[in-house]
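Below, subunit A partners subunit B and then partners subunit C, in two separate complexes.
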Partner chain A sequence: MSNWIEACTFDDIDEEDVMRFDHAGRTFAIYRSPDDEFFATDGLCTHEHIHLADGLVMDEIIECPKHNGRFNYKTGEAKGAPVCVNLKTYPVKVEAGKVLIQLG
Partner chain B sequence: MNTAALAAPTKRDYSLIGRDSRLAVESGLAAAQWYHTDIPRKQMKELMKRSDGPAMRDTAIWLGSMVILAGLGVYFWGTWLCVPFFLAYGVLYGSASDSRWHECGHGTAFKTRWMNDVVYQIACFMIMRNPVTWRWSHTRHHTDTVIVGRDPEIAVMRPPDLLRVVLNFFGILDVWHASGDLVRNTLGNVSAEEKTFIPEQEQPRVVQIARIWAAIYAVTIALSIHTGSIMPLVLIGLPRLYGAWHHVLTGLLQHGGLADNVTDHRLNSRTVLMNPVSRFIYWNMNYHVEHHMFPMVPYHALPQLHAMIKHDLPAANPSILHGYREMLPAFLRQLRNEDYFIKRELPPTAKPYREEFHNEPVATAAE
Partner chain C sequence: MEKGMVIIGAGECGARAAFALRETGYDGPVTLIGTEKHLPYERPPLSKDAMVSEHHPLPRTIAEGTQFSEKRIDFIGDTTASAINRSEKNVVFEDGRTVEYDRLLLATGAIPRSLPQAAGSRYCVTLRSFDDALAIRAKFRPDARIVIVGGGFIGLELAASARRRGARVTVIEAQARIMMRGVPTEIAQVIDRRHREEGVTIRCDTGIVSIADNANNVAITLSTGDVIAADLAVIGIGASPVTGLAEAAGLETGNGIVVNEWLQTSDPDIFAAGDCCTFPLAIYGGRRVRLEAWRNAQEQGSLAARNMLGSLEPHQAVPWFWSDQYELGLQVAGLPDEGTQTICRQLDDGAFILFHLTDDGRLAAASGIGPGNAVAKDIRLAEMLISRGARPDPIQLAAPGVRLKSLLAA
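Now for the complex of A and B:
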């Protein structure tokens, strides 16, 4: 059964940026791409427990603020050292200016 | 400045697989949350923004100067006139490579990824640091900066081995150990300590790179023997010895004499204002507190970052000489009491140190 949770509004995130979203004891990262699309991943880097929302978004890449581990936030793919484990991604939709993330 | 010291010295175990490594994990010092100054997201994004321009310019100056200096050195070979050219070449080879390795390892120097990677490989070769091993060791250095038993890059352990420090101004021990590591890795051996921070899937690349480098050095040595001249080695390999002094001079200041086993870079790192030549060679790593707090900020934005957060940091040392006047007496005191360290005063505008995390049982003394 799909479980859509409101994470933020459309305007909460700048273009090519990321925002932290905490829900039910978990932390996520919500991204707005340069093309105004929204994406969501787990909020912590798979290398060490660092919040990706403090990192840098470049095109479709999120770079961890601590060790510069890079992921494709659209697919979750780890792009090389020091990250080796992919990031979990979540479906996202935008409705009436609200960004919803599907959990569970 | 305030200084602090424990009453009775304790012995530190710097092994990455030893007692203090285990204790750091058990006490929560390993992979801990570190203090950082608050910066609004918009400003942080501006600071982190990548560009190719500054690093392309600096790399062209760096490698271009090396080619010219090497050419002049070779031209004047056999006369004393070659000496200053090789000395300058040596600093660009044996010292500037240290900061290039570092910045490109972080992936922040250039915006274009392959440019970072190419300069990283070149610089690693010059500084004799296996690009795979050292990428991972530096990752650990940023996770556990100067945490005993966790940080593989502590330059001066306590009590300080001052002979080792002096020898390294000429790269002697570094090259000795790097050569040993090169031979060991070439033979397919990745050590137990290396395995603590290099993921298993990366370890074959350590060996692969070592074998390529061993081949380059073998060709250089063979060329020297064949030509009956040391010149090939003066160009490749030996500059890591005769040109190392500047990176040691600046690098020791990064953490020397400051606290260990803390989770606030203001306590264990030092920012030193330097002359423009040293800053070029060092690629602005003199802003070291800033770099550790925000490793994603490219070297060329560090002066701007420094201006933005200096209200929250101990005052920067105004010169290299000033830094040494602070650090060297601390080294000497650590010979008698290895728990001694410099605790630098924060300005009134700064957030205080988190004493609950750094509550050394200290007898505080003023110097």
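Now for the complex of A and C:
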């Protein structure tokens, strides 16, 4: 199943930053890496369901704004206390300046 | 060798230390002993979610029981360590058992200070443990009269939670304003105003003269001469480090168990970390502090574990804590009292950040408040600037249009 959803445009997110994207009752986080690639994960921290889009992106890490739990947003891997459950990631592609994420 | 590593105190710090020993590759016996009967759990929710959650709360454990067994951590709950024999290098439990150690970590935390006037009262309680929280939660009913003695974090978070449960709340603070310790006036004002909007009565500059139980409630006589009745009074006037074991073992103590920058006590085989220890803060020229903050407990737990295994890395982290009251989130990085001038940066939605600079322009601390996590990202960036000893341009700090991240690159 290839259910590609338009999340935002290329310019909506600064380099090395993150944006919240809500769709169909769910919330996601869309990232633009320092080398201009796009990634997507579930939008809520696995520790206390906090919006990760309020957090800080450093290289390939998103840091949760609440208690500084860290994830690799490219792989979803939880990088240690207080987060121990990985984040779900989603495929992303950029077409004609639009950032699309694949749900399904 | 290979008597093993022993950790006394199974709170945030002790539990993190136990796992960190394994993460660092230690293969010998690890014993984690704690007075409480629960698996190690997080305390911050106790004054927040656990007070207001719809469902009956459960302790939010730091790890599942199976994770302790997988990592071969011998967790012994419901047991208190009663003595340390430094010459034999063993710890005696209250039931007479002993366990030997190569290295020992004291992570005994802190306990709430009590108010002499409240001694013996059935309606005066303190909050530290999950069981304390359950008892308090049961009293947070609509229209219950709740008095909070002490306008610090825990007291104010409880006040906010009690209001959300519909109770009537009075906060009594001995000093001229709430949150005198560690929080700048401008931020305390925002929180003060928010509580008053919610109908909380806050009485500053007010002492407690006496407390007397009635049949079903308690009468509290204030220094103003007023007497107020309460169905429950929570005493939140700070906490004292648990140092008894260390003292009895002849270790150096002051306001906490005294450790060096490696978190080592006056006995090189015994370490102390978390709320129970006083340590030198490298970023402030070795100023000695004791913190009661969750991230510090975690960081020091992990660091102590690595140093017990011989790595001897100095503690260098910037102090950091948060508090949640109503929809407001407060975060402070560094110690604001190290600053002599303050620069304010306004963010969206009424949020703001104060940057505390030293005379010579070094960023010493940053504190911020706003709805939800509005200040989180900038406080985190400020923390990085603080740890680098940066001297950011005050004009750029004040300009919301200048991204703090760009100052990091400078």
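As a convention for this text, the second predicted complex is superposed on the first by the 104 of 104 C-alpha atoms of A that agree within 3 Å, B and C clash if a C-alpha of one lies under 4 Å from a C-alpha of the other, contacts with A are read in each partner's own complex, and residues count from 1 in each chain.
Following the convention adopted for this analysis, a residue touches a chain if its C-beta (ideal position, glycine included) is under 8 Å from a C-beta of that chain, and two chains touch if they have at least 3 such contacts.
Everything numeric in this text was worked out from a predicted model, so none of it was measured.
Novice: For the combined arrangement obtained by superposing on subunit A, do subunit B and subunit C clash, or do they fit?
Specialist: In the arrangement built by aligning on subunit A, the partners subunit C and subunit B clash.
Novice: Based on the superposed arrangement, let me know which partner A:94 touches: subunit B (first), subunit C (second), both, or neither?
Specialist: So A:94 meets neither subunit B nor subunit C here.
Novice: With both structures superposed, pick whichever of subunit B and subunit C touches the larger number of subunit A residues.
Specialist: B
Novice: Which partner chains sit in contact with A:103 here, subunit B, subunit C, both or neither? Use first/second/both/neither.
Specialist: A:103 sits against neither subunit B nor subunit C.
Novice: When the two structures are overlaid on chain A, which partner does A:8 contact: first (subunit B), second (subunit C), both, or neither?
Specialist: A:8 sits against neither subunit B nor subunit C.
Novice: With both complexes overlaid on chain A, does A:49 touch subunit B (first), subunit C (second), both or neither?
Specialist: In the superposition, A:49 contacts subunit B only.
Novice: Quick check on the output: what are the common subunit A residues between the subunit B footprint and the subunit C footprint?
Specialist: Dual-contact residues (subunit A): 54-56, 63, 65-68, 81-82, 84.
Novice: Across the complex, what residues on subunit B touch subunit A?
Specialist: It comes out as residues 31, 41-42, 44-45, 48-50, 106-108, 132, 135-136, 139, 142-143, 199, 201-202, 294-296.
Novice: Going by the contact rule at the top, pick out the subunit A residues touching subunit B in the complex.
Specialist: Touching subunit B from subunit A are residues 14, 17, 47-49, 54-56, 58, 63, 65-68, 70, 81-82, 84.
Novice: Quick one: in the complex, what on subunit A touches subunit C?
Specialist: By the definition above, subunit A touches subunit C via 16, 50-51, 54-56, 63, 65-68, 81-82, 84.
Novice: Considering only the defined contacts, which subunit C positions touch subunit A in the complex?
Specialist: Counting only subunit C, the residues touching subunit A are 16, 19, 42, 62-63, 294-295, 298, 302, 320, 322, 372-374, 376-377, 380-381, 405.
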